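Order as written gives the chain letters A, B, C and D; numbering starts at 1 within each chain.
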Amino acid sequence: MEKFVPETKKDAIRQVMLASRILANEGVLDALGHVSIRNPENPDTFFQSRSLSPYEITEQDILEIDMEGNVITKTDMKPYGERIIHAALLKARPEMNAVFHGHPAAIIPFSITGVPILPVTHVGSFLYQGVPVYDDYEPGCGMLISTKVEGERIARHLGNRRVHLLRGHGCNIVAESIPAVVASAIYLRDNATIQFQAMMLGKDIKCLSEEEAKQAMEKALFGELPLMRMWGYWIARAKRAMPDLA
Amino acid sequence: MEKFVPETKKDAIRQVMLASRILANEGVLDALGHVSIRNPENPDTFFQSRSLSPYEITEQDILEIDMEGNVITKTDMKPYGERIIHAALLKARPEMNAVFHGHPAAIIPFSITGVPILPVTHVGSFLYQGVPVYDDYEPGCGMLISTKVEGERIARHLGNRRVHLLRGHGCNIVAESIPAVVASAIYLRDNATIQFQAMMLGKDIKCLSEEEAKQAMEKALFGELPLMRMWGYWIARAKRAMPDLA
Amino acid sequence: MEKFVPETKKDAIRQVMLASRILANEGVLDALGHVSIRNPENPDTFFQSRSLSPYEITEQDILEIDMEGNVITKTDMKPYGERIIHAALLKARPEMNAVFHGHPAAIIPFSITGVPILPVTHVGSFLYQGVPVYDDYEPGCGMLISTKVEGERIARHLGNRRVHLLRGHGCNIVAESIPAVVASAIYLRDNATIQFQAMMLGKDIKCLSEEEAKQAMEKALFGELPLMRMWGYWIARAKRAMPDLA
Amino acid sequence: MEKFVPETKKDAIRQVMLASRILANEGVLDALGHVSIRNPENPDTFFQSRSLSPYEITEQDILEIDMEGNVITKTDMKPYGERIIHAALLKARPEMNAVFHGHPAAIIPFSITGVPILPVTHVGSFLYQGVPVYDDYEPGCGMLISTKVEGERIARHLGNRRVHLLRGHGCNIVAESIPAVVASAIYLRDNATIQFQAMMLGKDIKCLSEEEAKQAMEKALFGELPLMRMWGYWIARAKRAMPDLA
């Protein structure tokens, strides 16, 4: 059994690699997008792949990066430009240990229409705080978050929530652990798909109440038993699809 | 040829395992959700996997459980919390031998909009009695059905029907056999997808009449010839996708 | 190179088998549905599989059947109940050599809403004669076409067209050859998907004119070069997905 | 690392083969459609496969063709009829080295409804010049572009843009390199899917401004780092799905 929050660098690096493969295999990430984990041996750095598609990442591709976005690992491998997002969010949210940045197609319509994403299913319960849309891009950066100033602005915009969208681009997610951030990314996508269809069917959508959402988060989504089952499932699927993992 | 209703524990356990793999392979179940079968050697117990994704289940993971939800098998393997649903439905419906609980995305919009699922295709004929939506969750349980009292409420809500939805969560299905419950789960999903598109196209949807539905159930869906063909097909596909089954 | 219209029983049987595998592999057929080919050595019989999913069919499963639906092959293998459709259409349309009956989900909404399928793409050009919806089911047959009387009614309803829908059930297609009937089934599905989305986007849909459609049929769809390319492509994909074919 | 613009015929031929396989593997091309690359050793000819599905193309299938559409390679292999499109566009656009012609389903609704494709995501930024719809087909050609006159008309219609649609048929795309044309084809499809859903959700869609689009093209889409990541990703996926490539 993989521990949810690893105690060693080695286990943290393995979790980032597995999360990347899983998110590629489940169709949540394509060539672009990335995940990171806080270094369990030093809370002021984090692990993230070099600039590479999540589908291809191995443990040898993982870099150690600090909260200013500096690459600590002695290497000439190139980091992602948007490592800034991960640095800024892990710095601003010490209670969180994992960050996701990606562009699942199902969520982007909600970022360009003013229609908010709502918690409509028990696996979307973690969205109950609301999902605001960031639209304050630094001019000249091509809608990529790549400067320290914009990283801090992103962190302020997310506030104490778990998820926000970036207009015409994608989303950022924070969670306590890698399995929880992977579950959040997959179920954000699924909740958006279901909400879209529900809004096509009828105008009165019944969402989870705040009380229901908090309970569902605790018992049905991020509870130890369901989260272990999900994590094991996604690994099993990734191993069948990607024989080099087995 | 697999018998539709097995005569031995061993064959029943194999059917639960196959149904789990099939439903994972056909995209009806993901990490969550489960099926069960009444014990053919003791109608007061049933077989269901330990807490594990349907994708990964083997015959060694199947537990025997009684109608109060107690695990009979001597083991320290953990059962699903929602085994309560299966216990309550198999107790309330002695003519049925198999139960499905899951969360196919295509059906959930119908659970939160007040728009009813209707039998619009011959393979959706088993829905002719109506598909009510349960929305009387026990407070504090996170929308999971995990107490005996709520299990009984669920059984009363289903009544003499085959399918009901759980608001913002998923559905329960009962059937006479494992192949019939698997067919019901797959075609509930397909009927919902088709109905959704039909409702987008036009306001006047022609459904099956009750007479048509009853005949289609008997001849086109749960008849021996079509059901054998479906079951063989789903097994053949699962075996190709999951080489350990072959 | 497979010939489009085979000259021998052996080649005809192989084409039915390949078409069945292709249509399963392309997601047009699931457990149900079937194709047939006129016997090139006797125009009064045709070849079709025994009652089996198209995904699993081998050359050993193919039966010879006459235009009344009688099984000519000496065997105790069971035929499809709906072989009646194939017998009736091949009898009524001597210029056609192949029949498809199936239930692709994308077309069924058009069968229950009164919204007609229209030729909106060059690969949907063969639909220019219109796609009527049959809704005159024999009572008591469960919406299956299984009597000689209803087979004849089906043939009259199709008339001189290539495709019609069966309300809440599926469609029948006729064509000059197995590759052409496979192309028709796949592109009927694709044209329906595209038309559905177009109707969601706007109310004024520009269809192919009759003149455009006739030219596109001849040059872009059923011309020797494109049809050979399609047929080779579908076989190559089926062989990769189904190693027993290779 | 594959170079973006190859320097030799051999490398150019390999890129056309890889692009064809990638586009088949990503579901952008099926049996029909094709890509081409300008000959790096002679700007007045280009490389393109013989008439074959992109899924099956090997380096042995690539022909050299001149800007009038004449096959230069000594061979009896048959070229695509629509090589005319590639010849006309490469002749008219000397700054471009790669052409895509195909029929991704998600774009066709925009070609028959008068609803324009808009740049709604950062990976759709290359669409900022507008995506006009060609509807001036030569009578009698079945909506295929197969005469020199119509090729020139197509080139004039595209003008200085990167993409246009062909009504009821598909699209043409030009780009500086094969990786860029592949990215354009994949993200045109994804942008269309997202725009479609956004238009279903709300009437006020926020698009990229021209300034945002130009910056995003340069930094997020066709920049060396992201484009290398995409190209490597698509190749890795194609190699896993098509073992003969590895």
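In this section, a residue touches a chain if its C-beta (ideal position, glycine included) is under 8 Å from a C-beta of that chain, and two chains touch if they have at least 3 such contacts.
Bear in mind the structure is a predicted one, so any value in this text is a computation, not a measurement.
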| item | value |
| --- | --- |
| Chains contacting each of chain A and chain B, listed by label | none |
| Chain copies touching (chain C, chain D) - same or different residues, decided at half shared | different |
| Centre-of-Cα separation between chain C and chain A, whole angstrom | 45 |
| Approximate Å spacing (C-alpha centroids) for the pair chain A, chain D | 32 |
| Residue numbers of chain D (touch at least two other chains) | 200 |
| Pairs of chains in contact (touch as defined earlier), listed by label | A-B, A-D, B-C, C-D |
| Residue ranges of chain C touching chain D (in the complex, touch as defined) | 120-123, 125, 190, 193-194, 197-198, 200-202, 204-208, 211-212, 215-220, 223, 225-226, 229-230, 232-234, 236-237, 240 |
| Of all residues in chain A, those that touch chain D in their complex | 30-32, 51-53, 55-56, 78, 81, 103, 105-106, 108-110, 112-115, 135, 137, 139-144, 167-169, 196, 199-200, 242 |
